[in-house]
Structure formats: structure tokens, C-alpha cells
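So, here come the structures, one by one.
Both complexes below contain chain A, partnered by chain B and then by chain C.
Now for the complex of A and B:
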């Protein structure tokens, strides 16, 4: 039984494209046959449990890690053979802190960082520092997790790179700052043509910015699509059916998630709404409601797909 | 800006549709009138914390429907030809459709819903939050 979920994204202008990436850390699978496509200008959310390969994927794009097999391009360039050119176009908020720079004062750290980027926009950096209430006189090692995050966001945004890699950008931030960061990102996208690849456990916060979603588990990309397609094709059907009701054959592979065992059932089904509704009605059930899923529900639903035997 | 846009990510409607509906709501209640300016894409994206492309999409669709137009270098405006009465009817139909869908989910017929609507206070001013109202009722008992 093959899954109907979309795993490829068609685009003439991919900002990021990986083909068949394999990566093992000793015997642990980090990535398997990863074909990730981020169209230019997209805001792509990569979602999955801890250890599912999100950070490894970003590191490969920066050549901070190398795949065992497969190929990667960033704006058509290889991170391996064109490393400096690729990295110059990327703003990166890493998952952890910045090793090696803990002793630096923030103002010195930013000055040092700016030198590497000809496109550094000092005026913009200042406005971000003010908006994120960063204390420039502190040493990096004295910063809390949230304070370090804010500094890392300035470092990533202020040179207005064509590609932003944000690894858990909301981690450690308080609710007010999180809201401000979203506002900053929305404004940034309006002012600067940017492609964003972000991993997050806080889907709801980035949902309104995202236009693509990728769902990854144990190194395998279960699905990736633009959010409009997800919104229209994956729906939650609330039905009433007798306890011996079974799903019609036509829908067997399309039911992504199932809740309840009758007489009321909630089924997340992939497909064209009218056809699915007709199939459900034809199987002797009453369809009470067809509801769209928000992005978090969508991700949870897609991640609940049973392990496929490959 | 005369109108405050509000959207809800939990709503079943895509965000660009919600933004379009907000413009219609503004026209229906009168906080937005023909030839009045709309916020810029950048401004509305920042205010709503949404992707600027989403605002762009809403503006594009509304322009296609003839509700708004772009004046080069000056911004986006409500079209002069917009008839608020017509938008009131559109908004009314949307609200009715949502109510009907909700009724059906609760196993109610259209007639039951209409009968109940007619029993409700005709004031139209009871805008208390539903949870609040229920809590107060509980306290009365």
C-alpha cells in the first residue's frame, strides 16, 4: 500500500535542493534518501521529533557536516566545492551556542562577524539590537539561552542574506520576544527577498509565516508540500458510523490518522474533498463535518503515519 | 488606518481569505469606505505577523474581484465602485453558511437553527464572550 502523500516539490528555481542524501553517525541513521526542495522565496518549515535529521540537514548545507552519499545544491552551488560562496549567502541561527567566541563582548562579536559579510547593514543591525533589547556590553558566555538566541538572530539577519537557516529560532525566548521576532521576520521578508528554511517545535508561532512544510522522522522525509496544497488536500472528517464500519477500499491508503472507534470517528484523509465525502457516504457513514487542519495538526497527523517498511 | 485587521490561525479559512473577508467586514460595518487607503503589504504583514506573500495574495484576489485597486506609487485603495450593501450581503451569506455547517455538525436542521435564531434577543448587542456568559449563568444558579 503506497502512501499518497506528496514527497516532492516542483519548482524551476530551487534555493535548496538535496538528492538522495544518506548520512550515518556510526551505526545511527541521521538521513536516508533525503530529497529536500526549498523553492526560492519560500518559507519552509522542517518539522519532526528530536534527532530526526533537521540539524544535520542544515549543517550539510553549510558544509559543517558531510553526507555519506547524495548531492546538495544551494542556489545551484555545491556547499563542498563552493563553500565560501555558499556560506556568504546564508544567515544561520545554529541550534546551540557559538563555540570559540564565549569570551567576546557582544559589540566586539558583532563587529567581528560583520567583517565577514560585505552586505552587512549596520543601520539595520542597530535597529534589531534595539528591538531585541540586546546588552552590547555583556560577554557572550554571560548570556542566557534566550539572550544568546537574540544575538544570533541579529548575526543572521543583519547582512540580509538570500537564505536564512533557522534551527529552532524561538528556543529559549519569552512570549513577548517571540512575538517581536515574528514581527521582525515578517518585516524582513517584505523588505528583502529571502528564502527561509526553519526547523521548529513551535509550529503555531511560525505557521503564519510558513508557505511550505516538510515532515521528517528518523532521517526520512515523510512528506513535503506547499501549505496551500496541504490545507486543501488533508482534511479532518468527523463521521458517524456503526461499530462494524470499515473504511472503503478506495480510502484505505489515504487515511493518515484515525481517532475513535465508533459511533463517532475523526479521520484525517488525504484527497479531494468531494470524492472523499462521497466515498465515506457511500460506505454507510454520515459525514458530520469536514474541517481544515492548522499546520500543527497537519504536522502531527503526518507524523502519526505508521512506519512504512522500506 | 480606520480598520483593525484580525485573523485567527485556528480558523478553517486560509489566512489570505481571512484578510479578504476582513476588508469585506470593514465595508459591511462601515469602517472602510470606497476610495479609502489600505495598509501596505509590509505594514499589514508586520501587524498580523504573516508572510508578506499572503497579504500580497489577498490584495491580488481583491483586485481581481474589483474591490480594491493599486495607485502607482501611492498604495492600495478601496475601489470607488464598491457598493457596501453588496458586501453586506456577501458577509451575511458567509456568516449564515458557517452557522449552517456548525448546526449540521451538531445534528441540527436548518429549520431548528432558524427557529432558535428567532427566539434569541433581537437586540444584536449581546456580544459577550460565550465562555463568560456560560460562567455567569452557572453562578446565578
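Now for the complex of A and C:
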């Protein structure tokens, strides 16, 4: 029974495209047949549990890791053969603390970092530093996780790259700063044409910026689509049914998640609402409510274990 | 300019090179200051030896002991300087840092070459500068106190391996980058390991072992000396010149490989 979930995105201008990426760390699978497509100008959220391959994917885009098989392009260039050209177009917020020299003061670190990027916008950098309340006189190694993340955001944004790779950008930030970062990102996207590929566990905070979602588990991309399609095609149906109710054959593959037991069930089902409702009614159940899912619910639903329908 | 000197000139005049020199100076200026004071102190103390009128002692046997001590002292200074450079440049190749530095839009090999050159400029440059200024100061304050090239400064047999260390660094860096195996970079530690071990053995007065160790692994005739990776170019040693020429050939070849591979990759 093949899944009806979308795993490809059709676009003429992909900013990022991977084809059949395989990556193993010794015997541990990091990625398997990953076909990721991020359209130019999109804000693409890549979500999945820890260790699902999100960071590995970003590292492959930067040529920090190399896939065992498959190919990758960033704006049509290969990160392997055109590494410097590719990296010139990327602003990267890494998952860990790796911006460069731990022993340097932040002002020195930013000055050194700026040398690499001819497009570095000093005025913008200063405004970001002020907005994020960064203490320039501190050494990087003395920063807390959240403070380091703020510095990393300045380093990634201030050269106004066409592609942002944000690996858990909200990690370690307090709620006030998280809110400010969202504002900064929204303004940045409005002012600078940028494609964003972000991995996050804080989906709801980035939801208002995101227009694409990819869901990955154990290195396998379960689904990827624009958020409009996800909102219209994946819905939660609350039904009443007898205890021995079974899903109709036509919906077996489309039920993404099933919650509850007994007479009241909540089913997340992929498909046209009218057709799904008709199929459910035809199977002897009563549809009490149909609700759209927000992005976080969508991700959780898509990440749940595959439904077993008797 | 030749095809090799052109990219080398471009590299040294690049903002990236200047920035790396600045970062290294920011990182190490306090240590460099202390080392500078030690170098000057050493040269003023050794100036007494050069005059053979040591200002501390007049007993010949004690004089020899002090002379050896000074040799060791100078050796330690040299080791500190070298270790500073090795540690600073190691930042570029240890796995975490590789990730940090290689997110930048610079060819990886070129980045390491720039950083290595900046390290050389800062550490070897500082060493030479401090040494020369120290010698000038000695001759201002203690006329006839000897210059930095005079044999007394080589008495401890410790001004060795500068070429060896540079060559080991270049060789190991090239191999580590080309094979993408950073652990190969540990080859850089061989000259320092040899120096430290032989110094330790001599300090413990195990001369036979120290000599045996140097014979097997040392910079003169041993493992990497035999490979032409290091040399002790004192005029009294007949093997010095051929070994030095091998070292120079190594330097040119390895520098060329690194620079050219960097250029080829950039133009690919």
C-alpha cells in the first residue's frame, strides 16, 4: 500500500535539490534516498526527531560532510566541486557552538568573520547586534548557549546571503529573544530575497514564516510540500463509530494518525475533505468535526508511526 | 612574477591573511611578550658566555653547566615558540574547527595555507625579530657580547628543526587535506616529540639513550633527518649542506603542491 503523502516538490527554480542522498556513519543510517527540494525564495522547515538526519543534510549542503551516494545542488552548483562559491551564498547557524575562535572577543570575531564576505553589511550587523543585545567585549567561550546563538545569527544574516541554513536557530534562546528573532527574520526576508532551510523543534514559532514543510525520520523523507497543500489536504476528522469499526479500504493508506479508541476517534487523514467525509460516512461512522491542523500538529501527525488498519 | 609567487603574493596581500595575522596576535600577544622577555634575558645571559667572562661564575665546570643550562633555556624558548605556532594552526584542522572554518567561502586548502603563512609570519617572524633586536641590544649594552649567529648560541645544539618542523607541517597538512583525514596532521608533532624526548633524556643524564634516540629518530641522521625533513646546519657538520639542500627542495615542492592545488581548485 503506497503512501499518498507528497514526497516531491515541483519547481523550476530549486535553491536546494538533493537526489538520492545516502549517508551512513559507520553502520548508522543518517540519510536514505533523500530527495529534498527547496524552491528559491521558500522558507522550508525540515522537522524530525533528534538524529533523523537534519543536521547531516545541512552539512552535506556545505560540504562539511559528503554523501556516500547521490547528488546535491545549491543554486545549481555542487557543494563538492564549487564549495567556495556555494558557501559564499550561505548563511549558516550551526547546531553547536562552532563559529570559529572560541578565545576571541565577539567584536574581533565579527571583524574576522566579515573579511570572508565581501557583501558584509556593517551597518546591518550593528543594528542586529543592538537588537539582540550582544555584548561585544565578551569572549565567545564565555557565552551561554543563547548568547552564542545570537552571535551566530548575526554572523549568518549580516552578509545577506541568498540562502540561510538555520539548524535549530531558536535553541537556547529565551522566549523574549525568540520573539525578537522571529521579527528580525521576518524583516530580513522582506528586505532581502532569501531562501531559508531551517530545522527546528519550535515549529509553532516559525510557522508564520514557513511556506514549506519537510518531515524526516531515520534519514527518510516522509513528506514534503507547501504549507497550503498540507493545510487543505491533511485534516483531523473526529468521528463516532462502533468499537468494531474498521477504516474503509479506500482510506487505509491515507490515515496518517489515529487517536483514541471506542466510540470516539480522531483520525488525521490525507485527502479531499468531501471524499474523505463521504468514505467515512459510508463505512458506518459519523463525522462530528473536521478541523485543519496547524503546522506543528501536521508535523507531529506526519511523524507518528504508520497507521495499521485492520 | 612566476606562477607560484603570484598566488603567494596575492595571498599575503589579501585581507584574509592580514586578518589571520591580527587574530593570532590578539590571541597570543601576552605569551609573545613573555617569550620576548625570555629571549632577551637569555641573550644577555649568554653574552657573558660569549665573552668567556661569565658575569655569574668563574669556575670552569660550573661555567659548562651554566652554558648547558642556557642552551636548555634557549631550547625551551624555541619549543614554546614552535608549540605556539603548532597549537594555533592546529585550530584549523581539529575536527570541530574544521567545521567552523570551512563554512567560509574559501577553498579549504587555501584557507589552511593562509593560516599557516600567517602563523609563520607571527611566530617565526616574532622569533627572528626578538632574536635580532635582542642581539642588537646585547651589543649596545655589552659591546663584543656576540651576535645571534655566533657559535655560542648554537652551543646547546637546539637551533634545529625549524625547517623540519615547517616541512613536517606542510607535508602533514597537505596529506591531511588531500586525504580528508585530519589525524594525519599529528605527523607535525614528530619534530617536537623528538626534541622534547631527547631534551628530557639529556636532562635525566641518560646521554647514551638520548644519543641513541636522536640517532634513530633525530633531525640529523635519524628518521626524519634522513628524509631530509630537518637539519642541524652547523658548519662543523659535513652532512649539513646536502641535508639542507634536501630540506629546501622539500620546502619548494610541498609549498608548490599546496599553492598550486589551491589555485587549481579555485579555478575549477
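Basically, the second predicted complex is superposed on the first by the 303 of 310 C-alpha atoms of A that agree within 3 Å, B and C clash if a C-alpha of one lies under 4 Å from a C-alpha of the other, contacts with A are read in each partner's own complex, and residues count from 1 in each chain.
Please note the rule applied: a contact is a pair of C-beta atoms (placed from the backbone, for glycine too) under 8 Å apart; a residue touches a chain by one contact, two chains touch by 3 or more.
Please read these numbers as outputs of a predicted model, since none were measured by experiment.
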item	value
Room on chain A for both chain B and chain C (clash or fit)	fit
Chain B versus chain C as contact partner of A:228, first or second or both or neither	first
Contacts of A:238 with chain B and chain C, given as first, second, both or neither	first
First, second, both or neither for A:190, with chain B first and chain C second	first
First, second, both or neither for A:204, with chain B first and chain C second	first
Touched partner set for A:291, first chain B, second chain C, both or neither	first
Which superposed partner A:116 touches (first chain B, second chain C, both, neither)	second
Which of chain B and chain C A:300 touches, first, second, both or neither	neither
Touching partner for A:84 - first (chain B), second (chain C), both, neither	second
Chain A as apex of chain B and chain C, Cα-centre angle in degrees (nearest 10)	140
Shortest CA-CA distance between chain B and chain C [superposed frame, angstrom]	27
Chain A-touching residues of chain C, taken from the complex the two chains share	15-16, 19-20, 22-23, 26-27, 91, 96-108, 266, 268
Residues of chain A that touch chain B when the two form their complex	41, 43, 179, 182-183, 186-187, 189-191, 204, 207-211, 228, 231, 238, 288-289, 291-292, 294-295
Chain A to chain C touching residues, read off their complex	59, 62-64, 81, 83-85, 87-88, 90, 92, 94, 96, 98-101, 103-105, 108, 111-112, 115-117
Residues of chain B defined as touching chain A within the complex	7, 9-10, 12-15, 41-42, 45-46, 48-54, 101, 104-105, 107
